[in-house]
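Two complexes, one shared chain (subunit A), two partners (subunit B, subunit C).
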Partner chain A sequence: MFSALAPARTWVGARVFFEEELEMWVVYTLNALYFAALLFLTSLGLNIILGVMGILNLAHGSLYAIGAFMAAWTIIAIGMNVPTFFLFISLLSGFVLAGIVGFLMEKSLIRFMYKRTLEYQLLLTFGALLLLEDIIKMIWGGQAYYASAPFDLLGKVDILGHIYPIYFLFVMFITCLAGLFIWFFMGRTKLGIMLRAISLDREMATGLGLDIGRLSTFAFVLGSGLAGLAGALVVPTTPALLGIGMEPLILAFIVVVVGGLGSLKGALVGSLLVGFTRSFGIAIFPEIELPLLFLIAGIILVVKPEGLFGR
Partner chain B sequence: MGATAMTAGTFGTASKAIGQAKKPIPTTPVKIAAVSFLTGAAAAPFGIPGDNTYKMCADVINKEGGILGRKIDLQSKDEAGGVDAQVKLCRKLILEDKVDVVLGYISSASCLAVLPLSDELGGLIVAYDCGTHELMEGAKSPYEVPKFKLGFRSKAHLGIDNIGLALYIKKYYPKTKKVAGINPDYAWGRDSWLIFEVAMKKLMPQVEVVKTLWPPLGNTDYTAHISALMGAGPDIVHSSLWGGDAVTFSKQAIGMGFFKKIRMAYSRGEPYPQEVGKDYPEGQIICCAGTHYFLFSPKDKASADLQKWFVGEYHKRYGKYPTYPCYHAYQAIYAYKYAVEKATKAVGGWPTIDEIAKAMTGLTFPTPSGPLTIREDHNGIEDCLVGITKLTPKYPFPILDKMEVFSAAKVNPPVGTKTVDWINSWK
Partner chain C sequence: MFKKPRWIVYLLILIGLLFIPRLLSIYHLMLFEYGLTFAIVGLGFNLLLGYTGLLSFGHGAYFAAGAYSVAMIGKYFPHAYSIEILIPAALFFSLVLSVIFGFVCVRHTKIFFSILTLSLSMLLFALLFKLYHITGGSDGLRVPLPALFGMSFKGIRRPEFLSGTYYYFLLGMFSVSFLVMKGIVSSPFGKALQAIRDNEIRAELIGIRVRRYRLYAFIISGMFVGLGGALWTFVNGHVTADLSHWVFSGEIVYMTLLGGFGILEGPIIGAILFTYLKLYAMGNTQYWMFVIGATLIVLVLLLPNGVAGAIASLLAKIKRKTVKGTTC
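== the complex of A and B ==
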């Protein structure tokens, strides 16, 4: 079914798209931007941790899941009897709890891995992934948490004749704020410059007297919190379930590979590339949308192994 | 009044046989393992309601004296963990725990892996909720039945849902010109779409398929799929999305104005209006995986009385109306009970596993959704109910309007014929 008909269907899909579905490009673009926004937030945290600390954190998806569960639980606990504003503030609970878990992880596990090779990191962070999934199951049980109040409350808007949920625009706005904050923080503040110094040359930074231990903890907490924020932002649109962090983790890795290690610009471009490929891919050639994504990542790796904006 | 007491007049109990028992009836409890998803995505919509029903039925049967005087020792087990874990669990249940019967499995993958163990280990296994039509079918028509001597499925396969939808669309929406599909990218989704597409081509050959989408299981963002479907402009979109996926799709689709232009046809959408609430869109075509719907009243009195009791009792205990997995769980545990009682009548005492299997073959018994028959291919056959969602002041979620029941003969292939071959043979 797939192999024999896929090329023919792809060609027909492309023709039909340009002849009949082009008017939908506005929505496809908005969808791409929304998906890219969520991906950018997730990969940003992964990138900071990888760039500053050299740690490939496989448990990043679990931190995303913790953010999702925490936000869902808070939204349900708050209920609808409080001013709307509090419902949106409650999304920050995902950022806070994931940050706290990140802090504990760094202090108890990650700090012993800085001088070890990649294999040790992968084993340890994979173990942390399994552990965190079980902790989530222990705390929140196995059931789904539906917390769509923020999504429902914001309603819809008409954009060039297309109905679009305002919540998706809200997610894009929050992501822009977070991106600008990280850009300003890393480029303009003393703390950010110190973190970049560590990512450039850990030995030299140590020699200059920087407190590597505390700065690393800070970077890990920030990266974890961003994963939690991404999970929290997604939960009004989909139930919090065990394993919710797996797909974002895989896509965030693609973004980091494509965009380049430790690059903010790379994370942005990588997220947009994945977002647009997915949105237009599903519309034009749904049978090969996912393989195409991996093909693009593969080509970039071959042509530019360090990623589009990597060092 | 319990479920068994109500049907005793129609189907009889084995009390007479007990008095003449040649083989002794053990005094120990009957060990029944009930395997459903108790954690993960399938727990809330299917596993927990199914497990609740097993507990409710075991409780009722025990209060009425058990099965031939033997109390049920129900052991709830989790289906999570993948196919390998389920194979290990089933081996343990049969070989170490020595359960009398394993009732279980929601995932088609679990059923395909576990049912062959019935004959290998000599244990009775009754699949209760999984849908794949491949489970009991052979490689090509005609095929020999039964596929497993000790393996059964106490319900119909997914053919009824998708054939039922096609028949409904032909009857109520004969002007349909374009259809599309969005189904999860694994056996369940692919099989569901295959049967629907083949049936539609046969029933409404003029209809064009304009888009088929295969999102991965557990997808959290359907915006691209929703827009792609809206861009393709189908009249009706077929879907077998389930659990959190079905709810996520509905929520995001409502937000994007999808339902103003397009009608969905869900192969097993019955649980979701109750799950989503009043926001669930009206006018959507929904199949009930049989005639499993809390507002449906079967024609025969025994089943109609049972339905009234079942809906009331479940709602009293769990605060919700029973959904189709609840009915499936009822069918599985009572299939075992009735088979044991039927076999006891024949052999005069507590039957062996082979004798229970023999009694279960061809067994017909009342259920809250109507009489159920387990055929010689060890698969249940059922009528199929399809309707359209409509909000009423009486319920806080849309209920089904324009309910249409397609008879078992119209939606189940004959014994020994593959479903696709049967549809293709329609005149």
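== the complex of A and C ==
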């Protein structure tokens, strides 16, 4: 696999690579969808918090990391002696713990910040990020947690002549479910409509008698939980390490900026854009894959400053 | 100029600073020099945060621009490796970078501005990190001692260099930066920036070209930070791609808040305090991020105007009390 990628390491090699390896596009597309799925979950959480509370949560990546560590720890703890079904349920532990941490964070810190200016809101979440990173280190130590059991159990499948792990498809499926659920929840249920009302006009929503404090807590817990779920889903494929949440956070920022603030559709399109750029970028120009992403995001922002689906 | 007590205080502090190398051990002197370079960074950053009202989470990029222009010249053009060339080069490259990034960023304000500056600094980080055969990647580049006005420092160890000539050079650069920033802030341009911060629409209606002024503030701020970065490299002796990572930018924001961004002198106090705080936290516990994060949260919740702000309001309270005492 790696030797096949070798020619792509130079600019001249890129064209040779294109002609030789073009049939690999199936794998790259599936990888892109997989990246996009994980990113969608992370940025969805960020977007809900940003939309409802107007706070950009810099500690979102740490919640992702908490989800990853918790899921890895649970999978290792329960071992291989249980039915397969429980192994997948244990991935939900990431969602639950991140949600609990989010709840505590909102109750103890974030709720004092609604009336404060932007600088303080951002700095507080930055402080929370530093705090959480070290708390993770205190609890789980500095070592890596390998929990590939769910990945190995699902095995592989043949797609158009390429062998592909089923687990990646499973992640996409879960993400679709979560996305559909959030879409239904935000669009159709009373709670979701109340949340959208707050994100549109906070004062007016207060005037209509909505319990802003409680709804904000709920939104924060939901957003944190989604980040934790994304972290939990990624852990069977890569080990949980310190600082695992940093890169998804930056990518989620790009998704939010490109897609537009507080837009579900924007988060979806942004994630797909980032996912495809990353997957094909890694395959074709491995050295400038990340800069390429920023370049595309920059061009979109210069042309359409409010993002693709921003209000 | 010398009629005002404030200038006398500045002069006294400067005279006091001249004797610092005799008072402190080499270790503490180095810490103090780190603090001074970050003070220049804080001055520049504060022009944007305190005076223009824009919170950048990506000023590490300009710091890295300054630092890497020094390191790259040292690696690729060793003949030109003397401070009187390096400082203008660092200023130039941070100028170029902040023009490019600023052009994109000043179209936005508030949270969007913060995310954009953050993302763009991560773009520079990605470039510095990935192009490792040019920039050294995560290993970074070593920075040798530069020549200073024709004086060569070959064969001299870094601590001797830092405790002698370089300290006075750094102090000179700091004083100049401080005076320049004070000039900028009290000039009509500085007042216009403050008007933009306080009320953007009103500023636009009285004829201030808001976006252009923001860009100017962004560029000046970037150049100060670049200068701080360049001076920092000589103290540190090594640059890595982490300088452009957004967590480093977060530290710049933190030290500005620690000192207090409503006041010109605030970030200077904050930078020096932060250097000591971080070093002591790193020396005494493995969980230094916990210490920094906890102090940051306490600061945001209890001391929103920073140390300088707290001192200023305390002084005002004492003054009011004494005035009351005399009148009663």
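Annotations for the structure displayed:
Just so it is clear, the second predicted complex is superposed on the first by the 295 of 311 C-alpha atoms of A that agree within 3 Å, B and C clash if a C-alpha of one lies under 4 Å from a C-alpha of the other, contacts with A are read in each partner's own complex, and residues count from 1 in each chain.
In this text, a residue touches a chain if its C-beta (ideal position, glycine included) is under 8 Å from a C-beta of that chain, and two chains touch if they have at least 3 such contacts.
Not measured: the values here are computed from a predicted model.
Contact with subunit C, but none with subunit B, is seen for A:L118 once the two complexes are overlaid on the shared chain. After overlaying the two complexes on the shared chain, residue contacts for A:I250 are found with subunit C alone; subunit B is out of touch.
In the superposition on chain A, contact of A:R278 is made with subunit B only, not with subunit C. Applying the stated contact rule after C-alpha superposition, one finds that A:Y164 touches subunit B and leaves subunit C untouched. Shared-chain residue A:K137: touches subunit B and subunit C both. When the two complexes are laid over each other on chain A, subunit A has residues 137, 246, 287, 290 in contact with both subunit B and subunit C. Interface residues of subunit A facing subunit C in the complex, by the touch rule stated above, are 50, 54, 56, 58, 109, 112, 116, 118-120, 122-124, 126-135, 137-138, 246, 250, 253-254, 256-257, 261, 287-288, 290-291, 294, 297-298, 301-302, 305.
Residues 49, 55, 57, 104, 107-108, 110-112, 114-116, 118-120, 122-123, 126-127, 130-131, 246-247, 250, 253-254, 257, 261, 286-290, 292-294, 296-297, 299-301, 304 of subunit C are the ones that touch subunit A when the two sit in their complex. Subunit B makes touch with subunit A in their complex at residues 37-41, 43-44, 48, 80, 190, 210-214, 216, 218-221, 223-225, 227-228, 230-233, 243-244, 247-248, 251-252, 255-257, 260, 275, 279. Within the complex formed with subunit B, the residues of subunit A that make contact are 1, 16-17, 20-21, 23-24, 27-28, 30-32, 34-35, 38, 137, 141-144, 146, 148, 151-152, 156, 162-165, 167-168, 234, 237-239, 241-244, 246-248, 278-279, 281-283, 286-287, 290.
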